[in-house]
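Naming follows writing order (A, B, C and D), and every chain is counted from residue 1.
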Amino acid sequence: MTRKALRSDMGWSTADRIVVRGHDLVEDIIGRVSLGDFAFLELKGRLPTREESAVFNAAVVTLVEHGMTPSAIAARLTYLGAPESLQAAVAAGLLGLGGRFGGTVEEAARMLQEGLAGQDAEADLRPIAARIVAQHREASRPIGGLGHPIHKPIDPRVPRLFEVAAENGFSGRHVELVQLVSEEASRALDRPLPVNATGAIGAIAGELEIPWQVTRGLAVMGRAIGLVAHVQEEIADPLATEIWSRVDDEASQHNKT
Amino acid sequence: MTRKALRSDMGWSTADRIVVRGHDLVEDIIGRVSLGDFAFLELKGRLPTREESAVFNAAVVTLVEHGMTPSAIAARLTYLGAPESLQAAVAAGLLGLGGRFGGTVEEAARMLQEGLAGQDAEADLRPIAARIVAQHREASRPIGGLGHPIHKPIDPRVPRLFEVAAENGFSGRHVELVQLVSEEASRALDRPLPVNATGAIGAIAGELEIPWQVTRGLAVMGRAIGLVAHVQEEIADPLATEIWSRVDDEASQHNKT
Amino acid sequence: MTRKALRSDMGWSTADRIVVRGHDLVEDIIGRVSLGDFAFLELKGRLPTREESAVFNAAVVTLVEHGMTPSAIAARLTYLGAPESLQAAVAAGLLGLGGRFGGTVEEAARMLQEGLAGQDAEADLRPIAARIVAQHREASRPIGGLGHPIHKPIDPRVPRLFEVAAENGFSGRHVELVQLVSEEASRALDRPLPVNATGAIGAIAGELEIPWQVTRGLAVMGRAIGLVAHVQEEIADPLATEIWSRVDDEASQHNKT
Amino acid sequence: MTRKALRSDMGWSTADRIVVRGHDLVEDIIGRVSLGDFAFLELKGRLPTREESAVFNAAVVTLVEHGMTPSAIAARLTYLGAPESLQAAVAAGLLGLGGRFGGTVEEAARMLQEGLAGQDAEADLRPIAARIVAQHREASRPIGGLGHPIHKPIDPRVPRLFEVAAENGFSGRHVELVQLVSEEASRALDRPLPVNATGAIGAIAGELEIPWQVTRGLAVMGRAIGLVAHVQEEIADPLATEIWSRVDDEASQHNKT
């Protein structure tokens, strides 16, 4: 059978040299490139401009820490059982970044990238927004990236993210479209559906030409950092045993009496 | 039963405000703090100085990408089966950062932090290094952070990492001790055992007063970024099916003939 | 805020007693109930009849082992990096049982359970099958549980699974419907689309009244066993380093020359 | 470079045949072999005798379900975020079966297998038990498989497990040794340290000649079943949001006031 050749351009090394996405790690990266800029290089194959760096770092930083989320609690409970495997606790926490919590960045980015695909750069975006809203209503699907259960009337991260994007020249068609989708959806459903942080980041990912298929990865990168820090707090001041004990006692008390 | 109160200082939010480790996310972080500096804040509870930032970013950046590692291959194979769950592919890859691949930073950091614990700041480090080497030999355990199967005679990342540490005032007792341990071990075993990248990062973590128990987390943070990028390459140019097919065909051919 | 009470009926214990789904573990289970029957109890809340036991065990047993799958290779690569965490290697392998490999049982079960929902027990199933095929064609979606890349012209597990179901009185409407869907699809697409093993198991799950939402769990239960055994073989005769080394060498050789 | 050939004997298939550990899946397994016996085949390469089946199934069944454990809670919290990935919820739960919760079977099995290695079949076991206890005391390490925080004065599973072992001819040297270790430890530490369930299963694994390196896998196999059932209960009656909300509210209330 003819075989496909295996080939990767992520990184390679020889005895005296390590090359990452075409850059010499020792000469060009260590001590010169920050973690966020290196993440940009990993995804885009080139280092960011100053403006790209500002926008990209702002987006990922927003996703790092949200306090005692289900992911953070799952990581802490996992650490309780496997304290020799910090990486397993973080992995357990990341596994909850699925459709409900991590997938909304992806949904928003996809909606915007697919909405703009093949469009003329001058095209009026309002009919595109209207079509997106209509399609979601028809399928009875919520629109990713709009509304928030806690941050009302607006998600305070959104104006700041859009401000950073604008200051750096990245307030383009994706940002415009997500705001129009929000307007159209709010009108069609007759209730406020403002852009939330995942919608803003989905739009910014479009501006940075990050394909929607990997935008969930921005949340994964960020949250991995946050989960390491939660495990550190758990080591210093453990909560997992207490959470377990309370849940177990209450959940089974009807059987014991 | 008296219950322990649950309390965390990682982050919290109200309708119009999000606070992370005491900093207002919108006012103080987004657009002002880079991803690497935010990771420092998450771990240390305060933003880094310019010098700390340089050293911390250099250390984590070093751990992001190593090409086609077992972790990267496992992530790609997992993505093949569950393309709807990018986070699961990254989690699968992180799970391999255990004792053999991820634990060496931790071992090196522990060895150095325990070696220096309770020591006078002027204490001669050579006897401490000799004791560490003797203890490992007695227990027939390899010394974490020394030697490398490929990067010979020296790991090119190490002089650069130590240079960045020195330039920023972080070439202290942990850096000195790991170099003395390398010298003692090379003499005692009569073969070159230079400090490798994980040994250097373990030492730098000590300089930054990051407890050894979470140093493995530096590798987890970095590698999560690298694994997202590997999944991106896998989406664009899939290798997993080819790897699977080759392994399966060869592994079972003795049964089929 | 009014709180929801936490309550679970999976299991509970006191100092001298352990109760699982209402059964005393020591008195009624250990030494009396086999692993497969216990799995049935866990899912259904009661022990199986002899006939249910035969059918349920047959279904899960079919999903345990498929040789060198992507899941098995990922588990072995993970074990290489974290040999202290067998559970992490198995978990990494399970993560690949997503939409593409594990989700087909679920899709088939869902299609059949939704197709039969609200139907009269005497209803003619052929129009239901035709509608299912038409809906999938319209959406350009493949039909879960039909066709197989290797097992042609028929998947040998299917007649055996249906035989076991029939012998034990579980060849009902779900089994009939999946076969009609196969007939309709083969005609509509003008190529053979026989029921495959996941389609047969999806149908059997319907016969056993296991909700489609947890049918993927049958694959998870089975494969966890298979992955433990793969790790055992990996310990005795390691392949992971060889796989890694081949992939890494080939994937980066274009850069090194 | 000379390459190692890849070779596995777990399973293989051709167009019309599937073979698992040397047995034809269709002819010999489906409908004839139960899940527990198939797990034995996977690990041992042959089907169990009736007696081996009784003992093996008893051991694994004991490990399936323990109610609202940290693993079960972590699985439920993960499912909340990623309801499309049941396998990820189970994987997250399994990751907690590490040193503290899953590793005790392994520790007990290792202690017994290493204690008996190279011993004459007639050797007096009491000095071996005394040596094991002395070594653990010297290293200030707890002895795996002894004592239980809840099941006092005895773990009710243990006499039943040993009864099943004895009835089937598997009450041999490993069972004897773990009981002697318990006696010696109780005397040396002057407090009751009875064999617990993991100690009994560790001993039974030795009787069945399952290498200690994979005994943690018995817990993984069993618990994968239990976690699927917990996710099923979570789907029917969700607790994760309530747990999250309580923990989050309490943990951050000191910041909000």
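The criterion applied here is as follows: a residue touches a chain if its C-beta (ideal position, glycine included) is under 8 Å from a C-beta of that chain, and two chains touch if they have at least 3 such contacts.
Note that the coordinates shown come from a computational prediction; the quantities given were computed from them, not determined experimentally.
K.L.:
So which chains count as neighbours of both chain C and chain D?
P.N.:
A, B
K.L.:
Which is it for copies chain B and chain D: same residues on both faces, with over half shared, or different residues?
P.N.:
same
K.L.:
Between A-B and A-C, which chain pair is linked by the larger number of C-beta contacts?
P.N.:
Answer by contact count: A-B.
K.L.:
For chain B and chain C, let me know how many angstrom lie between their CA-based centres, rounded off.
P.N.:
Here the centre of chain C sits 37 Å away from the centre of chain B.
K.L.:
How many angstrom between the C-alpha centroids of chain C and chain A?
P.N.:
31
K.L.:
What is the distance in Å between the mean C-alpha positions of chain A and chain B?
P.N.:
22
K.L.:
Mark out which residues of chain A touch at least two other chains, giving numbers and ranges.
P.N.:
In chain A, residues 6-9, 11-12, 14, 67-68, 82, 84-85, 87-88, 91-92, 95, 97-99, 102, 239, 243, 247, 251-252 touch at least two other chains, as defined above.
K.L.:
Could you classify the connectivity of these chains, where an edge means two chains touch, as line, ring, star, complete or other?
P.N.:
Looks like everything touches everything, fully connected.
K.L.:
Which residues of chain A touch chain D in the complex?
P.N.:
Residues in contact with chain D: 67-71, 73-74, 77-78, 80-85, 88-89, 91-92, 95-102, 239-240, 243-244, 247-248, 251-252.
K.L.:
Note which residues of chain C are touching chain A in the complex, please.
P.N.:
Counting only chain C, the residues touching chain A are 5-9, 11-12, 14, 19, 82, 84-85, 87-88, 91, 95, 247, 250-252, 254-256.
K.L.:
Please give the residue numbers of chain C that touch chain D in the complex, ascending.
P.N.:
3-4, 6-18, 20-21, 25-26, 29-31, 33-39, 42-43, 53-54, 57-58, 60-62, 64-68, 72, 84-88, 90-92, 94-95, 97-99, 102, 150-152, 156-157, 160-161, 163-164, 167, 211, 213-214, 216-222, 224-226, 228-233, 235, 237, 239, 242-243, 246
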